[in-house]
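Data first, discussion second: the structure below is written as C-alpha cells.
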C-alpha cells in the first residue's frame, strides 16, 4: 500500500519497524496500512494535513492507541494488537505531548523522578541524580523545585522532555511539541530537540516547523489520508514533491 | 403577645449544650473521615474496569442519594434490629452519617477524577506506570484538590443533617435544644442559641477544612 | 381572652397525643383516637364548639400551648411544680400511674436494680422528669423525641426497659408485640390534667365545671370504661 | 384491636405522599422565585446588596433545616406572628431552597466565560442587555441540570417537617410503625416511596446534563 | 516618553490618538505612558514580546480595561479614565478577540444581528440585510443559520469579524486573531483582513504573523516593557532595527 520510495538506506535491523498498521475509530479508518522504519540514531519528521493520522500513528507506537492490525517492532521485540500489557513497550518508547501534560501537583524534579521511583523502583538518591541530570540537559537544572504553574510554556515542555529522557527510552516520540507555545518560546524547545538529535537520540517528530524539519531531520515522512505517500530527505521532498498532495501542502504552509 | 426573653435561664443548662456540641462535632469529624474514605474507595470502584462492582457502587450511591437521611437513620436504628442487627444509637447515627456521606463523596470525587485531563493519564501511561499507580500518584491528589470545596460543603450538610439524630436519642446539639426546652419551656431562647451554635460550627468547620485542604492539596491546587 | 374566642368562633383547638395509646393513637386511617380525644370531644360539646385536634408529642405540647397554637392540652399531661410555673391545670380528668416496664426475663424490682441498665423514656414527659429525679448516674436514660420513638426503641430492643404509663404499657401489651412490657415498679401516681395558658381564668373555670359535671353524671366514667377497661376511680 | 394490613400501610403512606409532593412543590416554586431575586441581588453591581445576600445565603445554608423549622414554628408566634404547620413548613422550606438555588445559579452565571461579557461589551451592549441577551440565556441552559438535581434535596428536605407534626411520608411511617411493630417493612416502604419520587428527578438531571455536554 | 520617530506623516486629526496612557494591575505598571496615533485608513500592526502590554493597550482603547491615566481620543471625542459609560466609544471601536467569543446560543446570523437590534435599534429587515452583507464580506453568506459549534475555527473567527464590521466601527482592533487557529486555517482569516485593509478600513492589529505584517501594514509599532520603543514602516523596522530590543525580537522570531 505505502508508496515507500526506498530513499531510507536499507539496514539490518531498524530500531522501530511498523508493518501494515491499521486503526479505525468506529466506522472511520484513520490508518490504512502504514509501513515505516526508523533506524537507530535517525531523526524522522512526520508532516501532513490535520486529520491525516499523524498523531494516531505516533500514539500507536507506544500503545496509547490500540491498533487493529499490523505489527510494531521496537528494538527487536514485537507488539501485536492483542497484547495486553504494554508497559514493557512503553519503557522503550518515550513520548512528549503537545500539551506538556506535566503533573501539576509535583515540582519539576518530582515530575521527572516519579516514574523512576514507582516504575523503575530506583532508590531515592539515584532518582534524584538522574532527575538532576535530565533537567540539566534541557537547561533547567536550576528549576528542580519549581512547580509547573510557575514555569513558562517553553520551560514546561523542556521538563516534559527531561521526564521522558530520564527513563532512558530507545526512541523519543514528539507530537507537535511546540504548537501550544507562544511563538517566542518555540525556539528554546527546538534547540533542546536539536541538541538531542546531535547527541544521537532516535527521534520521531510530528511538526509544523518546516524550517526546523529541513535543517535537523534525516528523513521526512508525508502522511495523507491515513497513508504515508512520500518519504525521503527533507530537501528533496520540499523542493521536488512527487505527488500533487505534497506539492499542495508545501504551497499552503509556505503561503503565509 | 408580650414575651420576655430570658437567656439567663439557659445558663443552668450550659453543660447540656456543651455535651450536645461535643457530640455533634465528634460524630461529624469521625463521620467525615470514614465517609471520605468510603468516597475514595467508591470513586475508584466506579472508575474501575470491573462492571459488577461499578453497578453495585452505582446502586448504593443512587439509593442513598434519593432517600432522606432521616429515613436511613430510622431504617438502621429501628429496622435493622428485626434482622438481628442492633446498634446503639450513636453507632447507628455514625453509621447512617458515614453511609450517607460516603455516597455523596463517591459522586463528588468521581467528578474530580473525570475532570482529570486525559493527557495526564496518558503521560503516566507512556512513562510505563500501571493503572493503580496512575490513580494513586497522578489522579487522586489533583482530583481531591479540585473537589475539596464541594466535599467541604457536603460534610457541612451532613453535620447540619445530623440534627435529626435527636430522633433516636443521640444526645447531639438539637437533642440538647429540645431537652432544654422541654424542661424550661423557653423554645425561643433555646432554639436561637442552638441555631447560632450550628452556624458557628458550620463556619468553623468550613474554615478548618479550608486550612486542611490548603495543607493537604496545596500542591494539587497548583493545577 | 380564649373563652371569648372559642364561643365566638365555635372552634376549640386541642393538643392531643397520637403516639400514646390508649389516650391517643391512630386508627387505620391515621386519625387520632383514644381517651384524650374523647375527653376533648366532651369538653368541646359542652362549650358548644367544634373540636379541632392537633397531634403533638410530649416534648412540644407545652410550646404548642404557650405559643397559642392550641387552647387546651389534653394530652395525658401530668402536673408538676415546674410546669405550674408556666401553665395552669384543670382538675384531673383521667387516672395515670407511671412505672418502669421491661420484658419478663428482666430481674428489675426497684430503682436500685436499674443501675447499669438502659431505660427509654419520652423526652419531657412526667416519667422523664420523675425518673430523672430518682435514678443515679449509673443508669443510662435514653430520651426519645416522642412516644413513637420510645415504644419503637423498646420493641426493637434498643433499650431494655421503658418508663411509661401503666395504661400505655397495657395498650402495647394488647397488641401482642414481639416484646411484652411487664410492670417492674411504680414511679408515681400522676393523674392527667387539662393544661391551659396562664391568665385564662374564665376558660379554666368553665373547663373545671364541665369536668366536675362529667364526673358526676358518669359520662367521663364511660370514656374510662371504653379505653381503660375500668370505671374512674372514686378518689380522682 | 386495630390491625393494619399491608394494603392499609401502603395506602396510608401513599396518601401521606400527597403532602410530601405538595410541600415539595410549594418549596420549589416559592424557593425558585425567592432564589431568583436573591440571585439578581447577589450579582448586581451593588456592594451592600451583594453583602446582604451573602449573609442570607450563609445563614440558611449554615443552619439545619430542622432548627429553621423550629424557630419559624415556635418562635415567630412569640413575637405575634401566627404560624400554622403549613406556613412554618412553607416559609422554612422556601428560605432553605432559595438560599441553595441562588448559590447554584450564581455558579452558572459565573460559568459563562469572561470572553462573552467582553465581546458583548465591545459591541456596546449595556449591563442589562448583556445579562438579558448574552449571559442569562447561556447560564439558564447550564442551570437546568443542577436545578433539577437540587429538587431531589427539596423532596428529601420535606421529611424534616414530620417533626412539627406534618403527616407526610416519614411521619406516617413512624405512626404506622408504632401501630404495627413492623419497622423493617414500614421504613423499607418509606424509603422506596422516596426513591420512587426522587430517582426520576435524579435521572432526568443526569440526562439533561449529558444532553448539555453533547450540545457543547 | 515614547521614542516616536516621526515616521508617521503628520496629519491634522488622527482617527485614534492615545496620549500618555498608563495602566497598572495592582502594584505592576503594565502601560507606562503610551502615545500613539492611527490615521484614517491606516493599517497598524503592534508587535512585541509576551507580556509587553500589547493586549492591555488594545483593550484599553475600547474600554475593556479602565486606564489609570491619559487620554484616548477616537474620531475627535475624548475618553478620560473617570468616564463611566463607554458605550459611545465602543460604537466607534470594534474588537475581534483571539478566542472568537461568538455567542454559542445564537446562529452566525443572530450573532451579527444582536447588537444591531438591541444597540442600534434597527428594524428586523435592515438587521438581516446588514448581517447578510457582513457575512458575505467574510465569505460566509451561506452560513447564516449555522451555529458556532458547527463552524471551523477559521469560520468562527470570520463570523466574529463580520459581527464587528456590521456595527460599522471607525476602527477595528484585532488581538492575535489567528493564534487560536490550526495552522492551515490561518490563511483564510488573514485573507479577510487583507481584503479589509485594501478596502480602506482602519485597522490596529496585534499579530505574530510577521510576513503578513510586512506585506499588509502601513506602520509597525514595537512595544517593549509597557512602552512603544520603535515605530515606522515594517520593512524599515525589520531590516534596520534601531534598538537592541527590536533586533533581538526580530532575530528570535526569524530564528525558526
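Chains here go by letter, A, B, C, D and E, matching the order in which they are written, and residues are numbered from 1 within each.
Here, contacts are C-beta pairs under 8 Å (C-beta built on N, C-alpha and C of every residue); 3 or more make two chains touch, one makes a residue touch a chain.
To keep track of the chains, here are their UniProt names: A, E = Amino acid ABC transporter ATP-binding protein; B, D = Amino acid ABC transporter permease.
Computed from a predicted model, the values in this text were never measured in an experiment.
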item: Required steps from chain B to chain D (each step between touching chains, minimum); value: 1
item: Minimum number of chain-to-chain contact steps, chain A to chain D; value: 2
item: If a chain touches chain C and chain E alike, it appears here; value: D
item: From chain D, the most remote chain by mean C-alpha position; value: A
item: Most widely separated chain from chain E, with each centre as the mean of CA atoms; value: C
item: Most extensive contact between chains (C-beta pair count); value: B-D
item: Averaged-CA centre spacing for the pair chain C and chain A, given as whole angstrom; value: 84
item: Distance from chain E to chain A - Cα centre to Cα centre, in angstrom; value: 37
item: Chain B and chain E: spacing of chain centres that average the CA atoms, whole Å; value: 52
item: Whole-Å gap separating chain D and chain E, where each centre is the average of the chain's CA atoms; value: 47
item: Multi-partner residues of chain C (at least 2 other chains); value: 60, 63, 67-68, 145, 149, 152, 156
item: Residues of chain B whose C-beta touches two or more other chains; value: 1, 78, 81-82, 167, 187
item: Pairs of chains in contact (touch as defined earlier), listed by label; value: A-B, A-E, B-C, B-D, C-D, D-E
item: Chain A residues within the chain E interface of the complex; value: 49-50, 182-187, 190, 208-209, 211-212, 252-253, 255-256
item: Chain B to chain D touching residues, read off their complex; value: 1, 3, 62-63, 65-72, 74-75, 78-83, 156, 160-161, 163-164, 167, 174, 177, 187-188, 191-192, 194-195, 198-199, 202-203
item: Interface residues, chain D side, partner chain C - complex; value: 1-4, 8, 12, 15-16, 74, 77-78, 82-84, 163-165, 167, 172, 174-179, 181, 183
item: Chain E partner contacts - residues on chain D that touch it in the complex; value: 113, 115-116, 118-126, 129, 133-134, 137-138, 141, 215-216
item: Residue ranges of chain B touching chain C (in the complex, touch as defined); value: 1, 77-78, 81-82, 86, 88-89, 166-169, 171, 175, 178-179, 181-183, 185, 187
